[in-house]
Every structure is written in structure tokens, then in C-alpha cells.
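Both complexes below contain subunit A, partnered by subunit B and then by subunit C.
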Partner chain A sequence: MLVIVGSLAGGYSPAWGHLVDTVLADYVVNSLLLMLGVGVGTFVLGVSAAWLTAMCEFPGRRLFSWALLLPMAMPAYIIAYTYTGMLDYAGPVQSLLRESFGWGYGDYWFPRIRSLGGAICMLSLVLYPYVYLLVRVAFSEQSTAVLEASRSLGKTPWQTLFLVALPMARPAIAAGISLALMETLADYGTVAYFGVSAFTTGIFRTWYGLGELQTAAQLAAFLLLFVFALFALGRYSRLRLRFHPASARQESRRIQLRGARAALCTLLALAIVSAGFILPALQLASWAFDDPARALEAPFLDLVGNSFMLAAMAALCCLFLALLLGYGRRLHPGRLETVAVRVSSMGYAVPGTVIAVGVLIPFAWLDNGIDSLAREWLGVSTGLLLSGSLAALVFAYVVRFLSVALQSVESGLGRIRPALDESARSLGHSPTQVLRRVHLPMLRGSLLTALLLVFVDVLKELPTTLILRPFNFSTLAVRAHELASDERLADAALPALAIVLIGLLPVILMTRNLSRGDNNA
Partner chain B sequence: MNSQLEVHKVTVRYGAFTAVEDVSLTLEKGQIGCLLGPSGCGKTTLLRAIAGFERVAEGSIALHGSVLSTPRQQVAAEQRKVGMVFQDFALFPHLNVRRNIAFGLSHLDRRARRARVEEMLALVSLTDYAQAYPHELSGGQQQRVALARALAPNPEILLLDEPFSSLDSELREQLAGEVRELLKQNGVTAILVTHDQHEAFAMADRVSLLHRGRIAQSDTPYNLYHNPANEFVAEFIGHGSMVSATVDAGGELSQGLGSLDRSHGHWEPGEHLRLLVRPDDVEYEENSRTRLRVVGKAFRGASYFYDLLLPDGQRVPCLTPSHIDVPLGGELPIRFNLQHVVVFAPPRERTAD
Partner chain C sequence: MQYRTLLRGLLGAALGLQLAFTAPSQAQNTEVNIYSARQEALIKPLLDRFTAETGIDVNLVTGDGDALLTRLRNEGRNSPADLLLTTDAGRLYRAQEAGVLQPLGAPELDALVPAHLRSSEDYWIGLSLRARVIVYAPDRVDPEELSTYQALAEPQWKGRVCIRSSSNIYNQSLVASFLANHGEEETMAWLEGLVGNFARPPQGGDRDQIKAVAVGQCDVAVVNSYYLGGMLRSSEPEERAAADAVALFWPNQAEGESGTHINISGAGLTRAAKNPDAARALIRFLLTAESQQWYAETNNEYPVREGIPVSAVLSAWGEFRGDTLDVTELGQRNADAVMAMDRAGWK
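Moving on, here comes the complex of A and B:
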């Protein structure tokens, strides 16, 4: 990350000037529009879903309260390919329209899916669960007394929603949207596929098209400014959350909906889940099972093997480092340790493209150094030892996803009361023994969660892999992207479906936590 | 129907569970009532039924002559002119004090609203804190904001749900007195829900003691203490022990409890009685022949609270000046002074509760 920021100070190549003259404005405007659109989209979808499931009672509410999380399993680039396949000119929807109305090409208007608007829709559909999750928790932690106070002061339930419940959930809404927007900025697959010139695509193009690593880094630095603004927003809103004490809540009293309104709610929830998960998943499945034998063929199994190996390596590294950092902070809660944890936890906010560029520059420099040293002393050229290797890739994953692991490890450690450490120490155990005999057994759940989350995130990660992968090395995500870019949507379905299915794991994990929370409330 | 509040034979059910059963209650304008009882007795449920947050299964609730709740029809909470102060105050965390108080005043125009808010701020002496947010206030201040907010729209009745329970115990009684003053001066009709009898006595004109969803006794604080209607009331209010005894032909009680004031009337020789013995009914007397074994003892500063053993194993309380210091297991000379003692016929002989 330092490398990226440092590049701002470095020399500006002519290409930078060229970029500023031509496409930079495009990148900024498109990225801003994208953020605005996704912000509005996730707000509307997430908040209404949260309000319905947390505050109203309608048929299927329990089912939907976790089903609404399903779209999280769907990476944005995959839903983008899928909808393109379904909605473009040759797709089933338009074909059906033409057949039933006897239209020909150009006779009718149909929204173009591969556009900025399309990208906004796709991203909103899969990113709203961030808002939903946080706002739902906020709603259900709001004291019923406060809502009843509003009723007893003469406000109807709907007025109460807008005057009290929503303003009180503001910090959660802001936090959720800032998360969704970070993901939006980090997204490469969707915008690249839809041909939208946003920052991430710009970085890619500068590099591969113009071969300007330095300029790409400068673009990345620019993107980072946006990200830090969002990061700050998220942190600030979470600080404000402290002023909203979750008070003793009586058993939640939901608004009973009946008849048409209840049906409307059920339909709305169903529509959101269908659009974000069920429809694209079915479409993927139908493409994939056109030719099920392919699943067992060597190329696909290779992909699976590569992906799993990478993900497992990165997950283990992350876990080890997270444990080291988290435990170090517990033992020595000093300033330095806190800063180290804070800095390393920012990685998740940084888009994969930026990290990839940031990792590549020092590695390339190291390679060149080693290479020239080796040539001087040994007379052999080592070539690129590190930058094209799996090591660089895993390193980049660790930078990006360490915070995910750190979060579960820290929250797990946080639940272990310090008195336990102290009693173990007073019984004659060294810190390492305490870790092994007390903490690790108690942390098993958190550690597994951390491992799983990183594993799945790595599996889904597209841009980092795309930039840093060794030559001729492919993963599920990369392959799906390549095939889709070549318009071989049906062929892309198999790896895409595999990613979605694996992506379901953390969602299931989360819904289990969520329903446990419901039972406690 | 001149009563401000008329609760008529109200029953509230949660599914199969009956939380409030056949409760009737009236309050005149300006009166302060109290629903007192142990937790789970249904007092909060009844309050919430009056506020419109629970439906009544039977009976009716009327406020100022207009019917609010019947099993068939339920006026929505926001349409009743009912003010409510919640247990944890339930202030809106995103609004400052001024806007919290103004929340229920949207029917007024801007100027009238401003005037009313100023008036309420002055009433609870929080004018200096008008811009503060709830989390910046102390517990007592938050409580005054909650009170001002509930009173601002001029409700027909003010409901207070354990309003002092989240405050320090020292603050409680003082605040209860202050709040009573404030309500009385403004002629506010109010109902307080609490499990703390001292709070109830400090605030209310009439106290209804609830037991398992039914009213055990509805009376003035004085009568609740001195003339409890049944054993539950006797045990809940104040300190005391229920003691079983029999009366002999001479009017003497068994266990050496002495003789009973005959004006109580409803006893005959040989009858089994249940007596409520308050600590002040058992007096220390240096030369008394009656000496009871000390089985429990607590230092109260000015006094000692003794737990004494009767010959048959029952216990009675006794309050002595704190210089009377008998060790555990020792014997305390006492005299029974049962002139005002409350007597109940044993439960099995009572016809109906």
C-alpha cells in the first residue's frame, strides 16, 4: 500500500498526462455514478428488506430473513454474465418477447443490460445484503419502548418508521452502504464485462494496454482516496453507534400484516431473492447441466484443484498471521500492536487491483535486484523469481484478506475473559501454553470461521488473481471471466456455479449466527 | 361517568396465558394511582392495555368518558390521549432534548409548539439543556425529559412504567416525591407501575396491589399497611411474619403470644387463626418472662432486626434499639403487643377469596 501512495510522489510519465487529458474524467464520473447508483440501490433494497423482516409479520418471514442473504454468495461478475445471457438480444427473455409479439430487431425498446445502469443493477442486487444485515440488526436492537413512545405521542407506525426507526438506524445504514460501496469500487469483473470505464478497468487498461506500471499505480492511488473516504465514513458511523444504546428489549412485537398487504410483502421479498440469487443460479445450473460430463473432465478438475490449493494456502497464512497479531495485541496491548492490527485490517478495504499493483512493484524490483546480483556474481540470469510466482499471489491475498481472519480471531479472543488467561498463568502456564491449552480449544469455532471466510473470499477474488497469476495458471474465477468475456457464457457456467456453491458456505454460517441472535433476543 | 379513567373487568391474555384477569379500577381527575406487585403479576400488562399496546380479551377501558378498548374495538395507541413514561425513558437518541419534547406536538403551529416546549423545559428545570442529546444527560435529567415529553401534548392520563427503576436507590424516593409534587400542581391524572412499595407510597393516592393478574387490594397506602385484606397483601407490604395460633377458652393465644384485642371479633375459643406479626408488635422488655431464641440478626444502624424462634418453630420479627445486642443463639426477652395485630381466619375456613 505504501508503494501505491509513494507512486503519487514519483515521476509522472507522459502517459499520465495523456490519461488526465482523455479518460481520467470518464473514470471519475463513471465511478461516482456507479457509487451513487449502487448506494441508492442497496439502500432501497437493503432497508426495505430489513424493515419487512425485522418489523413486520407476513407469510414466509422466517424463511426470507435468511434467504435474503443468499445473493452474498453470488459474485457480481457472475451475476453480470448470467443476466447478460438471459437478457441480451439472443437470450431467452427477448426471444420470447419477439416470438409472442411477432417483433423483429429494432421494433421494440429493451433496456441494454451491458451499460452503466446494468452494472448498477447487478451490483445492487448482490451487495444489498451488507445493508440488510447491518440495518436488520439495528432495527431488531432498537428498544421497542422507543417505538412505542412514538406511538403514544400520536404517530402512526409509518410515521414512526420515518421519524424514529430510520434515523436511529442511520449509523448502521451508513456502515452498510460504505461496505457495499467499497465492494463496488473494488469490483472489476462486472464493469470490465459491461464495458464501463471505471477506475479498476482503467488500472487494468493502463497497464496491459499502455504497459505503464507507474501510471497504473498512480491511478490506483487515486482510487485509494475514494476508498479511504468510505473507510472513514464506515468507522465514523460505527463510532456513532455507541450513542445508540440497545436497551432491554421486550419480546419483539411485529406489525401483523394481513391479506393483500401481507401477500405484497411476501412477493416483494421473493422478488428480491429471486433477482439476486434464485434466477441467476437456476440459469447457471441449466447451462452447466447441459453437458454435465464436463464437470469430471481434466481441465475443470485442474481449475478446482488450483483454486482450492491457492485458497487453502492463503487461508492458512491469514489464519496464522491473524492469530499472531490478535494474540500479540492481547499479550501486549501497546500502541504499536494496535496500529499494526489497524493497518493490516485496512487491506480488505483496498481493491484487489490496487493490491495487485502494489505487490507487483516491490516484487519486480526485488526480482530485478536479485537478477542483476546473480548476473554480476554468478553470471546467470535468474529471471523473474518472485513476481510471476504463486508466492506473490498468496502474499497479495494475505494482504487483502488478513483483516477478515483477524476480525473473527479478535472477536473470538474478545469473548475469552482475561481472568481465564490470568488463572492459567497463575497455575504455572507460559503464554504459549495458555494459547495452546486454553485459547485454541476455545477459539476453534472462530478459527474455523476465519479459515472458511478467507478460503471463500480467495476463491471468488478475480482482479488480484487475474493480474498476479503465473503464466498459464488459471482458477475458477479467472476461467469463468475469460470464457464469459469470449461470449462463451454457457461454458462459463460450470466454474461460475462452482464458485456460487462454495460461496454459499459463509452465508449459511452467517444465517446460523443470525438465527441464534434471533433466539437470544 | 365522572371518572377520568375507568377500567372495567378487564382481562388480557397472551395465547393461553392470562396475564390480567377481571381487573376493575377507577381514577378521578387529578388522582395518582399505582399498580403495585411482584414481577409477573400483570401490572405492566394492564398499563400497556391502557396505553393501547395490548388488546383486552374481556372488559373495557374508558378514558374521560370515551371508550378506548373493548374486545371488539381497539383505538390505536397514537389516537388515545395517553402519555407514557417508559422504564428506560425511551428517549429518541437522535434528537436533542428540545426536539424530543416537541415530538408529540406536530399538531401545533410553529409558534405554539415553541411556546409549549419552553413551558415544559421550565417545568422540569431543563431550560439550559435544551440542545443536549440524551446520552449527554444524567439519569435523573433523562427522566425529567421523558416526563416533559409525555406531558407536552396534554394527555388525559399519564402512565409511568417503573419510571424510577433505572435510577440510584437514593435518588428514587426523592424523585418520586418531586414528581408527585409536579403532577399534583398541574392536576395531572396518572398511573404508576412499580414493584417498590416505598415508591408507591411516596407517589400514589391509591394503590392497587396485583397478584397473579388479579387485584389483591385497592386502597390508600395507610390501609394497605394497616388493614391488609388478605395474607398476600400482608406479606407483600412492609415487614412481618404470618404466624399460626389457636385461641383458648380464656382468650389467650397459644405459643405464649399473649391475649388478643377482642374487638377483632371474628374468633372463638379453639379457633385456628393466622396472625400478621409486624416487627413493632414484638417489643423488647428487659424483665419479661417470655424469652425467645435469636436465629437471625441484622444491624440496621439505629436498630437491630432480630429473627426470633417461637416454641413450635415458627418465626417472628422484632426491632430493638441497637444497643440491645444479643448474640445468635442467645435469648431475647420480649413482650407481645398484639393490640393492632391483623388476624385472618385460616385459608381453608374462608368461603371465597
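Moving on, here comes the complex of A and C:
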């Protein structure tokens, strides 16, 4: 992280003048529009899905409460490929339209999938689960007494939603949306494929095209500053907002929906899941099994094993660190701790390749330093100890995805009343004991969420893996990307499908836990 | 306090992992380590054959060319990599400039590869040729109308040209070759005309441009020939149908013209190489007639060596004359090319 920000202090090359003159405004405007669109999109999808499944009763609610998480397993660039395959001018949908009506090019209007709007749709579809997940937990942990009080005071369910439930869920909404926005800022695959010149495309263009790594790093540093400002704003807006569930939770009573309204809810939930998961997954499956012989070619189990192992290791590391940072801040809410937490969580908004370089430089420097010392004093070369090892890779993942774990852990800790800590301490427990015996059991849902989010993210992660991995080491995402970047989408479908399927495992695991929580409540 | 403990813990864990996952091999020249911008699937079979023939193991990391170069540069003299493989001359030139390559020291190879397809200072050498061509819809375009890249900027092509984003290296190299062959002024005029003729904002990859021509969204597109080859040999019926619906035109063939724009995929020996002899052996192997034929055929590219037979798909397109511009120039002028495209408004 410091390496990137440090680049700001370095010299400014003439390339800056060129960027400012020609394309910089474009990058900034497009990125802002993209964030605005994705912000609105994830808010609408995520919050409505969370409200429906947490507060209403309609046919299929149980199924949808976990099915709505499925799009999370779908990498944004993959969903972009599949929708382009379906909806592009040359795709089956438009071809069918043309054949049925005898139209030619330009005779009719059809939304252009490869556009800013298309990118917003794609990213919203796969990123809304972050909002959904966090907000749903918040909704179901909200004291039903408060909501019932609101109902008994004559407010309609809609008014209750907007006047009571939403404001109380604000920290969770903000956390979910900021995760989605950070992922949006870091996204490269989708915007590059759609030809949207956003900030990330600009970073890579400057680096690869102009050969200006320094300028590219400076662009990335500005991106970081921007994220920091965003954070500060979000924090400020909920500075004095602290909601702790007042008392033990009562039996939560869902609003019973019947007839047309219930059907509408089912349809809505079905539409979201279909658009975000079922349709693209079917498209992938149809590509993948077009030619079943292909499935048997690659040493597939190795890839699956590698992906799984890396994701699990990174998820555990992230969880441990997040707990350490989050709890440390709870114990000593000083300025230093707060800054440490903020800085360490910003990595999420930085494109993976930039993180990779940020990790590469100090590791290689350290390795070469140790090597020089060893040569001088001992007369042997230690070579590179860390660079190009899995440790470096896991470290990079932690840098990039710590934020995800932290958001979840922090919002979980925030819901535990400080009074509990105090009473436990007054009963003679040390802070560690409080953590172990009081917080951990209460945090189970949040911790599991954190673990899941990081696991799925690492599974999908591409650019960092690509650069930092050791020799002869590959993952599903790498394989999918290599084939897709050679524009062999059909061949890429199988590893992509595997990513989605493995990503499903923790989703299912966690939803079990969530629904158990529901039943106990 | 916590942070210090944490740091210690992390370092300990890292060292543990390191020991667990790397099996150091000390013996020299019994293996070659490659950083490759060329994808695993496209090169692995040939490397396996090399191992079978020579007993030298090949270890591979694939990735983006510039990212691998950054890794190489930061690892310095301790880098494990022996060879850098890229899919364009620009990256090899950049590696040479960054001081991470050393002269190849295999003069016998110079006779096999034409001078403009390798570094004049022996830092790198071409392994295959990639040509950027025009594809057109034969039902709407008479090949008589086609002549050069320059002509695509003329008003008759308004709203009929498809080409991908200027962030793409193939377009950057094409424009770099224009800067080298025609100078800045002419290049800018050409770029402005060309951008004005785009049928749609640049998007997608080269295969998408071919599909757009096939379905009538545009009439001509500029793409690399091996994408068309890949589509013709695809297992997907739709891809084959799209490729069958277009035809290939070799631009700039007339007397006095520059010839079709070409780039190379190539390799350079790293300065830090621990197994230089094995690395040289691998390059020699990749330049044998047999490997050249296989390598070109697998990738639907052209061999760098002359007189090597090409696949049926490729020979159906006929012979062509490639630009004899030194490919080093493509690397030298890459940044200028990007800036020129930015100024012309090529997204």
C-alpha cells in the first residue's frame, strides 16, 4: 500500500500532461458514473431482496433467501462474457429478432450491451449480494419490538421500511455498498471488455501502452486517495449512529403476503436470481458441454485443488487479521488504531495487478537485501526466499481482501453492546477471554460471512494470482482467463463453471447457518 | 505491540510456507524456467516435446507481458527466470531497455531468422509471425475497393469500419509502424480519418470484429489473421459460420507500399539466467523446421523461418508480403502511438 502512495512523491513525467490534455477527464467521469450506477443498482437489488426475505413471507422464501446469494459466485468478467454472447448484435437473441421480423442492421433499437450502462448492469447483478448479505443480517437482528411498535403506531409496512428499518440498517447498507463500490473501482475485466474507459483501464493503458509504471502507480495512488475520501464521508455520515439491539430477540413475525402480492414477490426474487445467476450459468453450461471431450483434457483436479487451497488459506489469514484489527480498535479506539484499520482495508479498491506490483517490489527488495548480506557475510546466495512463493501470493490476497473481512467483522462487533464487554470485564475476564467467551459465539454469523466473502473473492481473483504465482502453478481463474483472453469463450466456460460451483459450497454452508439463526430467533 | 507480534507471526508463517512449497534444485542446465506472455495451452505441448527429447525440465509461469517484466526487474539478479517469452516485439524491446536481458550468444540462429525479426544487438529473437489484416464482407464489399490501411480513412468507408480499442497492443503496434513508415503528420491525418469512419465505438476483441462483419454491423474490420484461422478451425458451429461469411484481404501489397503489418512472438535470455545453456537449447529447438511448423500451425500464425509449409487454412489465404520494418521500431514508438491515438479520439 505504502509503495503505491509513495509513488506520489516521485517525479511526474511528461506523460501526465498528455493524460490531462486528452483522456483523464474521460476516465474520471466514466468511473464516477459507473460508481453512481452500481451504487444505485446494488442498493435497490440488495435492500429489496433483503427486506423481502427477512421480513415477508411468500412462497419460496426459504429457497430464495440463499439462492439470492448465488450471483456472488459469478465473477463479473464472466457474466459480462456470457451476456455479451447472448445479447450482442451477433448473438442468438438479436439474430432471432432479425430473422423473425426480417430486420437488418440499424432497422430496430436494441440496448447495446457493451456500454457504460451494460457495465453498470453486469456489476450490479454480481455485486448486490454484498449489500443483501450484510443488510439481511442487520434486518433480522433488528429488534422486532421496534418494528412492531412502528406498526402498532399505525405505520404501513412501507412506512416502517423507510422510516425505521432502513435508517437502522444504515451501517450495514453503507458497508455493503462501499464493498460493492470498491470492487467496481478495482474491476478491470468488465470495463476493458466493454470498451468503457474507466480509471482502471487508464491505469493499465498508461502502464502497458505508454510504458510508464511510475505514472500508472500515481494514477492508482489518486484512486486510493479518492477511496479514502469516500470512506471518510461514509464514516462521518454515521458517526453518531449506534444501534445496538435493545434486548433479547423475540420471535420475529414476518409479514404474510398472499395472492398477487406474494406471487409478485416470488417473481421479483426469481428475476433477480435468474439474471444474476441462472441465465449466465446455463449459458456457461451450454458452452461447456457442447463438446464434452474437452472436459476430460485438462488436469482439472489440480486446478480445483490449487484454487481451493489458496482461497481457504487466504480466507483464514484475513479472518484472523480482521478480528485482531477490529477487536484491537474496540479495546483501544484511538486515532492510530482507527487509521490502521482504514488504511489496511483500502486494498480492496485497488486493481489486483497494482496490488501485486506493490507486493512484488518490497518482497523482492527484502529478498535481494537478505541475499546480499548472506553473500557478503557467509559467501552463499540465499536466492529469492519470498518472491514467487505462495506466501507472497497469500500476503497479496490479504492486502487486497482484508477489507471484506473487516467490514463484516466490524459491523458484527458494532452490534454487540459495549455494556456486555463491561459486564464481562467486571466479572473478572481478561479482554482475550471476553473475545473468546462472549464475542466469538455472538459473532459466529459475521465471522462466517467474512470467511465466505474472502473465500469466494480469492477463488475469482485473477491478476494477482497471474503475476505472483510460482512456476507451474495454476488456478481455475487463471485457466478461464487464459482461454477467454484468447477469445475462446466456449473453452473458458468449463473452468468458469467450476469456479461458480466451488463458490457455491461456502454459500450453501453459510446459508445453512443463517437459516438456523432464523429458526432460533 | 500487537502489530509487532503479528509481523513476527507472519514472517514465521511465510518462511514455513516457503520451506513447504519450494523444492530447491541446484543442478544447472537440467531445467529451464520461463516467464511467458504466451498462454500455457498454446506452448505447453511443444515444451513437453522438448523435455521428452532432451531430458531438460521446463517450468512455466504465464501472465501479462508487462507484469512479468516488472516481476523480472524487481527480482533482479536473483530472478529464477531464464527466458522471457512475449507475444510482441514491444515488450522484448522494453525488457532490453530495462537491462534484464543478455545477448543470446547463438550466432548460428541468425541465418534462420530474417534480420528485421530479431534484435540487432542479439538481445531477443522472433519465433513466429503475426499479421494484421483486413477482413471484409464479400457480399457488400468488392475486394477491388480495398487496397491499404490508409485507404480505410477515406470518406467512402464512413460508418463501415470495425476495429477494437486502442488499448490493444496490436493496434498500438500498427500505429507505431505507421509512425515509423510515414511520420507523425501523415499518421495523425490517417488516424483522424479512420476514427471518423468507425461503425461503432471500439469494443470487444478481434473475434468480435469478425462477427460484426459477418452479421452486417460493419463491412470491413482490421484484425490479426490468426483469430480468423482460429474461428475457421473452431469447434463452435457459430464461430465457423461467422468466419466463413467473411474474406481476408492482404493490405499494402502493391509496388511501393510498405507490406502487411507484422509483429512477432519471441524470446529473450534473461541476464539473471542460471541455466543459459538449457535456455539456448530451447530456443534452438523452437527454431527447428519441425517446431516452427507445429508452433505456427497450433497458433494459426506464420513461421519466422522461410520455406516452412503452412497449414491448409493459412495457405488458402495465399502468399503475402510482410512489412520489412525492423520490429524494434514498434517497441520504440509504442508510447508515441498511444498518445497519437488518444489525440485522435480512438477510445
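Convention: the second predicted complex is superposed on the first by the 326 of 521 C-alpha atoms of A that agree within 3 Å, B and C clash if a C-alpha of one lies under 4 Å from a C-alpha of the other, contacts with A are read in each partner's own complex, and residues count from 1 in each chain.
FYI, contacts are C-beta pairs under 8 Å (C-beta built on N, C-alpha and C of every residue); 3 or more make two chains touch, one makes a residue touch a chain.
Here the structure is a predicted model, which means the values were calculated and not measured.
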*For A:S152, decide between first (touching subunit B), second (touching subunit C), both and neither.*
first
*Between subunit B (first) and subunit C (second), which does A:R170 come into contact with in this model arrangement: first, second, both, or neither?*
first
*asked:* As a test of reading the superposition: which chain, subunit B or subunit C, is in touch with more residues of subunit A?
replied: C
_Under the stated touch criterion, which partner chain does A:S95 make contact with: subunit B (first), subunit C (second), both, or neither?_
second
*Kindly classify A:T432 by the partners it touches after superposition: subunit B alone (first), subunit C alone (second), both, or neither?*
neither
*Take the contacts of subunit A with subunit B and those with subunit C, and give the residues found in both.*
none
_Quick check on the complex: what are the subunit C residues that touch subunit A?_
2-3, 6, 10, 13-15, 17-18, 21-22, 24, 33, 39-42, 59-68, 70-71, 74-80, 94, 164-165, 167, 169, 172, 201-208, 211-212, 214-217, 227, 230, 234-236, 239, 242, 334-335, 338-339, 342-343, 347
*Would you tell me which residues of subunit A are touching subunit C in their complex?*
15, 18, 22-23, 84, 88-90, 95, 104-105, 114-115, 192-195, 197, 201, 204-205, 207-213, 290-291, 294, 321, 324, 328, 340, 353, 356-357, 360-361, 364-365, 367-368, 371, 381, 383-392, 394-395, 463, 466-474, 478, 482-483, 485-488, 490
*Write out the stretch or stretches of subunit B touching subunit A in their complex.*
51-53, 76-80, 82-84, 86-88, 90-95, 103-104, 106-107, 133, 135, 149-150, 153, 159
*Flag every residue of subunit A that touches subunit B in the complex, lowest number first.*
143, 145-146, 148-156, 163-164, 167-168, 170, 243-245, 247-248, 253
